[in-house]
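Order of writing sets the labels: A, B and C. Residues in every chain begin at 1.
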Amino acid sequence: MALALGDLIAELGGELHGDPAAVVRGLAPLESATSADLSFLSNPRYRAQLRDSQAACVIVAPALLDEACARGPAIAVADPYLYFARVTQLWKRKVLGLGMVPGVHPSAVVHPDAVVDPTAAIGPLCVVERGARIGAGTELKSRVTVSERCVIGERCILHPGVVIGADGFGLAPHEGAWEKIEQLGAVRIGNDVEIGANTCIDRGALADTVIEDGVKLDNLIQIGHNVRIGRHTALAGCAGVAGSTTIGAHCTIGGRAGLVGHISIADHVHISAATVVTRSITKPGHYTGVFPLDDHAAWEKNAATLKQLHALRDRLKALEKNRP
Amino acid sequence: MALALGDLIAELGGELHGDPAAVVRGLAPLESATSADLSFLSNPRYRAQLRDSQAACVIVAPALLDEACARGPAIAVADPYLYFARVTQLWKRKVLGLGMVPGVHPSAVVHPDAVVDPTAAIGPLCVVERGARIGAGTELKSRVTVSERCVIGERCILHPGVVIGADGFGLAPHEGAWEKIEQLGAVRIGNDVEIGANTCIDRGALADTVIEDGVKLDNLIQIGHNVRIGRHTALAGCAGVAGSTTIGAHCTIGGRAGLVGHISIADHVHISAATVVTRSITKPGHYTGVFPLDDHAAWEKNAATLKQLHALRDRLKALEKNRP
Amino acid sequence: MALALGDLIAELGGELHGDPAAVVRGLAPLESATSADLSFLSNPRYRAQLRDSQAACVIVAPALLDEACARGPAIAVADPYLYFARVTQLWKRKVLGLGMVPGVHPSAVVHPDAVVDPTAAIGPLCVVERGARIGAGTELKSRVTVSERCVIGERCILHPGVVIGADGFGLAPHEGAWEKIEQLGAVRIGNDVEIGANTCIDRGALADTVIEDGVKLDNLIQIGHNVRIGRHTALAGCAGVAGSTTIGAHCTIGGRAGLVGHISIADHVHISAATVVTRSITKPGHYTGVFPLDDHAAWEKNAATLKQLHALRDRLKALEKNRP
């Protein structure tokens, strides 16, 4: 469990200021790194931590190199956070020797009419239904369901408990009860998509639900039927997107955010955590709608007053009219 | 994969204006339908799409029949959306040849003391615990758990990952720690209930948690212990109902809405998406409580001011008093 | 299915006013108890129910003993709710004869390099991955995943669908796409922790995600990577905690509440249901931030005005300046 700094540089590039034969035995944040750990500084706000860090070596941007070298060994790279991401990948592969093992676990239930690429990995107790297709290099971790006719692209990761292709929530009211609208579409997922634990993506009613290349979904997310999510958009945990909504490319949707159905979100839109999006958004930007936290007693007063807000506005107007 | 319009009418009724021998090969929304597709118009707001649609045939209400016939073949029915729902059912059964296959999948784990109706279908990797009962015509899709002594009625559908009858969250505080209250009740689910993927319904503490006939639950919903949900009520994705709350019949609860515990909701109440219900509702109606979406900078200003709202009201009052 | 009151007292203590040979055949709340049921009154607010209850015997605090005895048999104890919790435990064990059965269910998939204590119970269709460790007396109900190298302490209960140790949501932006940060840490869970159905706890990026002793998590909760939750803190259903946030000991987090990442919450903090915590909280107390429920038409007016709130404040200020 060790990596020489020289070997790291040989694999990933970067400008080493220090002994290439020196080894690191772990990766750690600046504040907890020991003298055996490699660390990194990506946000200049935390530069105060640099001086005091015990890290064996620190990855920094060129602008902070002098500061880092005053402390000890350093690697200068244009984007320390990206470089660090690649170090974690290298570490997993080379130092820990971990990686995907292609093949279908004997406990998985794969329908004979499903197509699983021989380089894909289907983990323990997964279910792949009739007509489903799993692309090259894709990994279903454990207890994942991919329903009938759903298609997963290449190099995707589906974490435990994911459900792809359950029926969308389609109901027609009839004499006080609900008539089921059978969900005849499927789910199509592009390449390089990662889907977090227990996240659900429903199949379309007529056409398909579509997740484009490079989309990243965290845990416990709900994607309704006929949603389309554009390339490289990321949704944080517990987000939800109701049916027939379209999200553009390169968006970020914060944790617990919710989008109602049948709306359209432009590219490069950023939604804050826990915000509810009730209308289409046509312009890139950062949007928020969250009740501010307060101590409970203060909240009670303000919340009660909020229910009279429109009336307060009218009273203000009246005062303004009567202004001498 | 084709259906003659005449056969459709023979099965489902409706007034055909067009050639009964003409066949349709798919179902599609008006705007994307090709000349081989059957489509429908249920909301008069979208009548503009009717004229331009390429659909082979369109299902419409009698009031729009002339308009539809000016374009091509049409089927007139009193409720086009309901009719369309039945078309999807027919399509699944007759054209796609899909349907439930009764029996227990060999990978499912069914306790010898559970009772599964011979016409029920228990899918791959489901768990049915001791004393549980699964009614006639009910389908557990895959990876569903039905815990000890829980009862599922007839013609229900439980989607992948559903958990029926996990312990309710019952804890008594004791010297800074929590003492478990064993959950001795069960879950009773009526007939014609549909439960979405990864939704959880907890068992009752003493009495049972009850889901009445015809209730529809979307994905990732949490139903606490001793909740009762009345007939034909529908909850959209990510909704949550805390313990001992009662919801009446014929309600709709929007996605991500949350109800606190120990309250009671009347029949015919409609709760908007993401609304938090903190008190009982005794009158039918439409209720909402959501922070409105705004661009982030505007939200920041308004949210900060909101924390002074009660004080602003007092200042307004003072001005009113001093009015000349 | 019966328990003599004298046997109950012998096991759990308490002061019986009534015949020790009398038997109870069920446990029930005051309002629904039959003359065969044992009941309890923990909240003096419900004392009116005491008089009318049909219960065979009622557990009460000493202050209510006279009132209870005027009605019939009673057990006086210092903390009736705690006592009732212990009655449910006794009932489950002695009357229903239910309890954990140690061992690994034959349908579970346990990696040969995982360590499962012989007194632990691994239920049907669970997955325990390489290097994971399950402590003494811990129960995994059914369909639980414990991923590589995650450690579960003693006497824990993990309900169906729980996912421990899926990858945290770690991504570095790169040229419009996302580079994966491999999650090299694990999850460490202390003793006496209960985790609700379909709840997810992600593994840490570098260091571990930590759940301390006695923590109670309800269903469908999301715990991000590198979160730490202090001893005896309880989170209700659908709560979410984003990455690297620390919650102190003895906190309660209401259902659907959300905490953003990289913040710190002191001990003894109580967060109301559905509140979003966007900053650190350094003082014990009760905090809330929820949009108040209203009928939809009233909400619409107030929500629209809320978007002008800051401007209203400025207009109020202007009026105040011009006051004669």
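One rule holds in what follows: contacts are C-beta pairs under 8 Å (C-beta built on N, C-alpha and C of every residue); 3 or more make two chains touch, one makes a residue touch a chain.
It should be emphasised that the depicted structure is a prediction, and the values quoted were computed from it without experimental measurement.
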Superposing rotation of chain A relative to chain C, computed on C-alpha atoms, to nearest 5°: 120
Shared interface numbering between chain B and chain A [over half = same, under half = different]: different
Chain centre separation in whole Å, for chain B relative to chain A (CA means): 26
Chain B: positions in contact with at least two other chains: 107, 125, 143, 161, 198, 220, 238, 290-292, 294, 304, 306, 308-309, 312, 316, 319, 324
Complex contact set, residues of chain B against chain C: 107, 109, 125, 127, 129, 143, 145, 147-148, 161, 163, 166-167, 169-174, 176-184, 198, 200, 202, 205-207, 220, 222, 224, 238, 240, 242, 258, 260, 272, 275-279, 285-292, 294, 298, 301-302, 304-306, 308-309, 312, 315-316, 319, 322, 324
In the complex, chain C residues that touch chain B: 26-29, 32, 79, 81-82, 84-86, 88-89, 91-92, 96, 98, 105, 107, 123-125, 141-143, 157, 159-161, 192, 194, 196-198, 214, 216, 218-220, 232, 234, 236-238, 250, 255-256, 273-274, 290-296, 299-300, 303-304, 306-310, 312-313, 316, 319-320, 323-324
